[in-house]
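Here chain A shows up in two complexes: once beside chain B, once beside chain C.
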Partner chain A sequence: MVEPLLEVENLRVEFFTPSGPLCAVDDVSFTIGRGEIVGLAGESGSGKSTIAQAILRILQPPAIITGGAVRFEGEDLLGMSSAELDRVRWSQLALVFQSAMNALSPVMRIGEQIADVVVAHGQGTWAEALERAADMLTLVGIDRDRLRSYPHELSGGMRQRVMIAVALVLKPKLLMMDEPTTALDVVVQKEILAQIRELKDELGFSVLFITHDLPLMLELTDRLAILYGGRLAEMAPTSELIADAQHPYTRGLLASSPALFGPRSELSGIAGSPPNLGSLPSGCRFHPRCGEVIDRCRDESPELLALGTAPRVSPHLAACHLLGAAS
Partner chain B sequence: MSAWRYALRRLGFYLIAAWAALTLNFFIPRMMPGDPATSMFARFKGKLQPEALDALREAFGLVEGPLWEQYLMYLKHVAQGEFGISVAYFPAPVESVILTGMGWTLLLAGMAVVISFTLGTVLGALAAWKRRTWIDGILPPAFVLLGAFPYFWLAMVALYVFGFVLGVAPLRHAYDDTLDPGFTWAFISSVVQHAILPALTIVAATVGGWLLSMRNTMIGVLGEDYVTVAQAKGLSRARVFFRYAVRNALLPNVTGFGMALGFVISGSLLTEIVFSYPGQGYLLIQAVRTQDYPLMQGLFLMITLAVLAANWFVDLAYMWLDPRTGSEVGA
Partner chain C sequence: MSESSRPLLEVRGLCKDFSEADGLFRRRSRRVLHDVSFSVGRGEIVALVGESGSGKSTVARLVARLIAATEGEIVFDGVDVRKSEPRRASLVYRKRVQMIFQDPFGSLNPAHDIAYHIERPLLRHGLAKRGADLEAKVHELLESVGLSPAADVCSKRPDELSGGQRQRVAIARALAVQPELMIADEPTSMLDVSLRIGVLNLMQNLRRDHGVSMLLITHDLASARYLADRIMVMKDGKIVEQGPSDELLNDPQHPYTQRLLAAVPGGRSPGPEASSSEPPDGATVAGTGSEPAPPAPTSQPSHLETSTCPT
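For the complex of A and B:
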């Protein structure tokens, strides 16, 4: 089997708060193959942003990685020294933040903020770096004269494009995007997503796409992971997930967003609210909101199991007792 | 709006404020009962020359003629830098008295403010960067404690210990009286010796404020996404610290620095009294004691203008430091 680009194995992240540790990411494992677009979906507090920041190791205290492994092309990111980490960061994996307004320093020209990555990684002089920054701007559809603009002189959509230019300037192999289009209107959102797909075909990077916007995910991703309360609830190739969702939570999510095409269907939400990490329910974390709850769900946490018996490269995984009960 | 238009608009605003101050300075003596010049002349019981009375009258603008004519005359004198004759330092003109005092004040308080600002800002930034280490545990409380003492007490203790008991610092004045002022090694080293202790007391008393405000702003900035992005970009620690964090956290402190510079001209009143340092603050006390109205008026005017000028310089510095200044809101 081909080695995946990124392997996350049993990742565990805890927030050390005054009232005791909270486990924000609990035993999460997944892989991303070369050229693949993987989605990470879940409600607020499900741990999706924390996972991306843990992979880049930019979590700020009180959040601390307390277990697991993250391997990038076989190299263990969690065991790296900070000098090794600086070398790998951005040249191999880059992250686009949710709010581009806050992700760019307001007192620096955008050209400098793109070019300083190039210089820091020893890939050229300032003049060369600025030239490359201008090329990147053109690539993301911004006039190269904008190099000398300050962030406040750009619109929200343009700033997000600038962030994508910052992320791609070193041609990383993995681009992580944490809700990159949430703050933008739908038209701009469409344009930017189309652009990412185009750039991906051109540059050949993999994408880890994080959002709570499920319809967007269904359109964009090859594979999709659904997080609930810091744990993986289900993971499968996207088309399979739409057609054959196993976890009641996934089905609830799918039923709560309207389909643009096809027959009209009644929309339904999921009752209740996301779990509080400070007082997680016993057994399956979803059981208090689950419509199909059985006794076992209250006491025993379900394991993430593969569907079917034949081994597959991208198996359909789900963590629900009902699977075992049905088979 | 262009940067230049913004700078000019601000300048216009400060000019209007300066004009208002000048006008108040003209009318306030006229609202007082009696004629300050005559009453002052009487108080000196013939010790003043008759010319001095004329000079005093002119200094107050109490020349013959209608009020508007007096007002224009006053403005003309101010524009020429003439504030009349000092009573306390008779017969020296006020402007030359102020100029001498200003030199010493700029040297002492100016340097002290610059040192205090630089030191406090650097230490504050470091404390925030090294949060949860001993640096942040010790520095801010120590300097804040130092700044919490009444300043005059701190200054007198320093003068007593270093000047009187240990004898390592001079007790008074800006330089050794036996020396002739000039560009000589002996004179300059004497000036430095006399300035060190008062300057240190100012720094000790004010550095905590700079440190604390910089530390707090810096902690806010360090939580911003752009600092996290800068780290994730694999930039050097130094670049993340200076170019991304400090550069953004500096802005509020610069405002405070400008204000502090403006008030330097009024002299560090208490410092100059405790150390008998012949700066503006010392002059102001002398002027009040001797009811030297021309000198007081001249000093107040200088202080007002200095604060306004400092504010304008801060505006200019801000234009350069923060590109958002002067641009349309919501652009």
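For the complex of A and C:
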């Protein structure tokens, strides 16, 4: 089997708050293959952004990685010194943040902000860097004359494209995107997503896409992981997840998006509220909201198990006691 | 027109200018709403859909009388509210028209408990007396929006509730004065996905049980369709198309509506096959603007393209 680009193994992140540690990411494992688009979906507090920040090791205290391993092309990212990390970070793995409005400096021209990345990584002189910045802008669909613009002179969609240019200028192998289009209008969102797909085909990077927007995920990703309360509830190739969701939470999410066409039916959504990390329920974290709860769910946390018996490259995994009961 | 057939809210030729800086000292005015006209019938839910900057929230704030219109009429229950009281909106209007805001984190006061938020409108409008009566009314309202047991919720502060629960509190607060029209500005866009449907269902039930009319402001076509009888599409301060929800979505006339529909993830086509074959720049529908509308039925069309100028 080909080595995956990124391996996350039993990752655990805790927030050390005055009222005791909160486990935001608990025993999460997944891989991303080369050229693959993997989605991480979850609600607020599910740990999806924390995972991306843990992979890039930019978590700030009180958040601390307390267990697990993250391997990028076989190299352990968590064991690296900060000098080694500087070599890999951004040149190999880059992150596009949710809010481009806050991520760009308001007092620097956008060309300088892109070129800065190149120079900081010692990949050229300032003049060369500006030339590369201009090429990047063209690549993300912004006129190169805009090099001298300030962020406030650009629309939200254009600023998000600049962020993508900043992330891609060193040609990373993995692009992580944390809610990159949530603040944008659907029309702009569609343009940007089409562009990311195009760039991916051209430059050959992998994508870890993070959002709470399930319909968007279904359209974009090859494989999809559903997070709930810091744990993986289900993971499968996207088409398989749509057709054959196993976890009651996944099914609930899929049934929570109203349709644009077809017969109108009343949707039930999911009862209750997402868990509070400070007072996580015992057993399966979803059990207080689950309509199919059985006794075992209340005391015993379900393991993430593969469906079917034949070994597969990208198996369908789900963490639910009902699956064990059925087979 | 008789009392019952008259729409609850009629907006005619509404315009709004905002003043903005022009150089260091001068100011100039910029028109953000152009001749907006629509109506909301009794017990009807109408959705106003558009992208950010289209002016949809400005319409909401005008109708709620949080800001004053530059031109045009807002006729509520047969009375032009701008003429009836030129200076400040009356308590009476505020009792009949209530607003729910997008951000349930910002619209509740973090220093007060939940009971306080529901008590205030009840006392302000003289709908309850302090004491057991007030407490009973508060509990009843909280139960009616699905927050139970109400006694537990009452003593909590906003930060102890989830986003969905907070939005329910905001709805209970609006409901306290038994309004006839509720204006909801993006009521679910800041909520977690699993909680959105719950809030939409709650709004649907309020219409069913209390006959409340609603003006729903949203950017999400799917939730507009889920809740609303009619959808109006707004772009650059103009309503470019309006019609019954299904009719508008199944047969959009204005190029902007078509563009909006094509951009919704998983939207335009039922099968994944077809959606991937869609041109990536489906956003730039060119030339469709001048296309003549399909032969109109001889009777009056219920689904109107209200502007012929695609911008």
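Going forward, the second predicted complex is superposed on the first by the 319 of 327 C-alpha atoms of A that agree within 3 Å, B and C clash if a C-alpha of one lies under 4 Å from a C-alpha of the other, contacts with A are read in each partner's own complex, and residues count from 1 in each chain.
By definition in this document, a contact is a pair of C-beta atoms (placed from the backbone, for glycine too) under 8 Å apart; a residue touches a chain by one contact, two chains touch by 3 or more.
The structure presented is a predicted model; accordingly, all values stated were derived computationally and were not measured.
Participant: Between chain B and chain C, whom does A:E198 touch in the aligned arrangement: first, second, both, or neither?
Facilitator: The answer is second: A:E198 touches chain C but not chain B.
Participant: If you stack the two complexes on chain A, which partner ends up touching A:A120: first (chain B), second (chain C), both, or neither?
Facilitator: The answer is first: A:A120 touches chain B but not chain C.
Participant: As a test of reading the superposition: which chain, chain B or chain C, is in touch with more residues of chain A?
Facilitator: More residues of chain A are touched by C.
Participant: Just chain B (first), just chain C (second), both, or neither: which does A:S256 touch?
Facilitator: second
Participant: Name the contact category of A:I58: first (chain B only), second (chain C only), both, or neither.
Facilitator: first
Participant: Of the residues on chain A, which ones does chain B touch that chain C also touches?
Facilitator: Of chain A, no residue contacts chain B in one complex and chain C in the other.
Participant: Quick check: in the complex, which residue numbers of chain B touch chain A?
Facilitator: Chain B reaches chain A through residues 132, 223-226, 228-236, 239, 243-244, 247-248, 251, 321-324, 327, 331.
Participant: Would you tell me which residues of chain C are touching chain A in their complex?
Facilitator: 51-52, 162-165, 192-198, 200-201, 204, 219, 221-223, 225-226, 246, 249-250, 259-267, 270, 272, 275, 280-283
Participant: Using the touch definition up top, name the residues of chain A that touch chain C in the complex.
Facilitator: Chain A reaches chain C through residues 43-44, 156, 185-187, 189-191, 194, 197-198, 212-216, 218-220, 239, 252-253, 256-262, 264, 266-271, 273-274, 289.
Participant: Within the complex, which stretch of chain A touches chain B?
Facilitator: Checking each residue of chain A against chain B gives 53, 56, 58, 60-61, 85-91, 94-95, 97, 99, 102-108, 116-117, 120-121, 150, 152-153, 166.
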